[in-house]
């Protein structure tokens, strides 16, 4: 039984608290949040106690810390938890600053802490199956990875300002998936972007529509497109083309019901957003983290280096978009 | 080059005339129809000549007669063409009377004529492929055949009166397909029917909605459902369940375009009626007939016995519907 | 919070115990089973206590009894729980004897007990959505209901002997779904069956492959086919054809991954059996029962009459199969 | 009736000759080819006469010239046909040299000739429908166009040498489709490429795997990926994401047959190459050209400027791939 302290009682903290509460191998011990009411409500819902971040770090009955606080706190909380001897599962990104990530990973390494980064999509049953089959050789040598990722609706421009921008805030998940599926590092990044959905996002210095193409040293190619708004729901698709075949993973519809009439055949809408679409992924992610902690595996995947590499691609894409030039990585 | 005389310049005659005109191994020599204008127009369209039925039968430059006249003329025209030494392709059914079919097949046999019956669905690329794979063992032993067949819109009640009824006029195609896929004769037929679409059809003594289940001597089962009206187009589906798997053939959509929005994913309508849905089937059917004539094969499939057997199932279903009791066949 | 006593620690008892344990509005208080080890293991897994059936009936801290015992005990346990003032959720069927069902429902009625029968498929998200849309008029007047239901693998012939036969043991779910979707009672039943999968099932006096067609007083038709073995998994499909359109619900695949190569496009297998396929249905079923208990609704659906009606159709189908004749119902 | 002279009796010449022969509004008068046997065989097959290119240009009984000769001859033959007063349908590209295209279009303009370029994919029923719906506003403002295009098997490296390279030889079709769907010119092009399929192609100075992303002046984005080899057939897909929805067009399978067994659900292979996949597109293309000629429309689409613009994008992509830098266009 792994006893968790959860930092953050916001949207993502709630997801993790619920996932922990439902996992027979996990216990939800403490919730910390600067918003005392949010912490109290969430703790009450799952029979946990409210505590401060420091109290969680010091608590004897906490084996693992799940960090779901705002991005700006991730690095210091990872370091604190690592120094306190806790296993750590941290939401992406470790930091918006590559330098800070390096420093954080050094602390983790020194303390020999178990650290896993919350790239939840790796644990989606379909995407996990897709990757597993690639590794078994189902498509031979991977040649082209295609990732299409669109959110149902754009965030407020206000949010965008503090987010690090689309490439670091949204596409970072797709950078991680491209690395995960390709299993070879990218060495060059080309980005295009525009604010087509919401002018306020453009005025805030960001884009809401973007495309990135990247290449590895051996010439393999990945293509990612993002939009902050898809009227048809949360569009999450991937495909991998290789020398022996192609593997694809489609969207997940709410039900299998289809209506047939004069207009054609209408399938149900796709699952609208990440809480539904990735509910199983969050559960599987937690299982994977628990298995690592229980077995003493200090290097579960995705690890801190995965967090670092995705951030470097996001930085490169941001730079490429701004400069209009390709950017070399690594 | 097989030279054809086509009898009938109505809807189905036009289909065959066009199919013959486009086939590089076929020549459209003559068109006959009691409606002189219809015959003239169709002949003019394809560069053929107008002739009477008798003239076609006597014509030296006619190798094959394609009979697309009203059902009541089929038997005598088959007999006449057979006696005249022509190869014969005749639309279903040979006759609404089993006795007349027997007499006609005797003439065909005596003259050693090539006779093929126009069960066009056997030549649909998907259904033909489905059957070919069954014969190769893709599903092992066939256990359940399911045929769903619905027309886009009901015919006028006036038409229904002279049609022989739904089981003989519409479901006869499905009886043929069930026999084709099962490859074993059915020995018992149970039918249900109702006039749910158009009360006038019920008043005319017929049904527009029907279900039939049949069983072979070894226990295998076929299930057929029909409706005279499907708002979503011409519904033509089959599946075959066996000891090693299941083969299905879905409907054909107009295009592969799909629209994704808040209502869901909308595929294009399915092909609306038999002229579009079975255009390729008619072409393949003609090729099969031509190949038989050229190679001297006097028994192409579906043959006269196939016409007879389907008619017997249609008669049995009609009787079962009327009596409310299962009917034994054969 | 509804406190449950679960009777039966077998396959279905485990499903319900787990579902109750995960439901935030339910508490799993007691497990009863003649097999003390099975009861103990299941209770231990979920932190519940072991008790006898009698103890559960008398327990003050039990609000509801979930009956997952062998069929032969259902009726007496419903009556005992009803007399003890408990709410009751009972697995199908109430009894294999219509007379016993009538007696049991009288007791339930007298005691004004809340009784729900475990036709779990009504709560499958896709089938529930399909039914909800029918009721909203999406297909207009229902004309044909088609249910295809096939198990992945046949049970041992030994099981079959005590099961009441395929129509009562397996197809009873489909009878319930046909009633649920049609919303009008069937008045005539025609059945065909054979032992094509396993000769031992035939020698045990049962069938493993069957088709039933039924009709309502207004002429509407339902068609059900069953097989005890589908090599491709647990085949659970429905479609409803009406005056304004057609609604269908397809199978659920394990993932959305598709492999494309020279053999074609290969979708993942479908979910193999009821534990996976209906996991969400069991959870929704429990929610529906809890909502009924909490709101004092003494007549949740499916209720005892639904259990009775399905059993009457199963009896009629069994008789029709044995006699080779249509059987009238009601 | 439009009378055609076809120049070129190779693979594409055969496609056009057959398409013309089957079109009721077209007559195939002459075939020219430096290979006299090829010309003779093709002419014989369709009852046409063999002629030299000059004879076709001078022939009184030729209304239109269809140019399917090697790329190097296109420009001069367009000019000759234009000067001879013929309508012209020319396979892509007009020339590998933008300058030559300009010169050729001047001649066409001066002579007021009807010129159509053979970007056949615009006439594919699914892609044409997709574009028509965009123009009707089905997706609102277009934001991202995605084109995936892969050939079943790579050409010989020897062919590649004289082809102008993948971007000009293969991706040019996708540049045209991106322009067709976007309906706004692209101003910047970024390309990546590698020889992953066949090293000999790399040694010949070309790539067989490539990605291009492009942007319009208003920020809209198109993404194209190409491979010279897809084990699963001729992969031809497009999708258009806009402010109100997304339209996609999937691949076309040989039949609708699906096999279901323990491995999953296997759909039929997709149509393998352009002769099958675009048979209907070639027929529709010809109809469109004939309609233009008959109506005196001297500017059918795609016209010479479309040929020029696609060539400019192909040149830009080639330069971008070689330089590793974005290239501005127009």
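Just so it is clear, A, B, C and D label the chains in written order, and each chain counts residues from 1 on its own.
As a convention for this text, a residue touches a chain if its C-beta (ideal position, glycine included) is under 8 Å from a C-beta of that chain, and two chains touch if they have at least 3 such contacts.
Bear in mind the structure is a predicted one, so any value in this text is a computation, not a measurement.
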Margin query: So using the touch definition from the top, which pair is joined by more C-beta contacts, A-D or B-D?
Written below: A-D
Check: Can you name the chain that lies farthest from chain C, using the mean of each chain's Cα atoms as its centre?
Finding: D
Note to self: So the centre of each chain is just the mean of its C-alpha atoms; given that, what is the distance between chain B and chain D in Å?
What the structure shows: 40
Checklist line | Interchain centroid distance [CA atoms averaged], chain C/chain D, Å | finding: 57
Checklist line | For chain B, residues that touch 2 or more chains besides their own | finding: 231-232, 244-246, 260-262, 268
Check: Inside the complex, what are the residues of chain D that reach chain C?
Finding: 231-233, 253, 260-270
Note to self: Which stretch or stretches of chain A touch chain D in the complex?
What the structure shows: 141, 143-144, 146, 148, 150, 188, 190, 192, 194-197, 209-215, 218-221, 223, 225, 227, 229-232, 235, 241, 243-246, 324-326
Margin query: If we count contacts the way the header does, which residues on chain C are in touch with chain A in the complex?
Written below: 22, 125-126, 129-130, 133, 138-139, 244-252, 254-262, 268
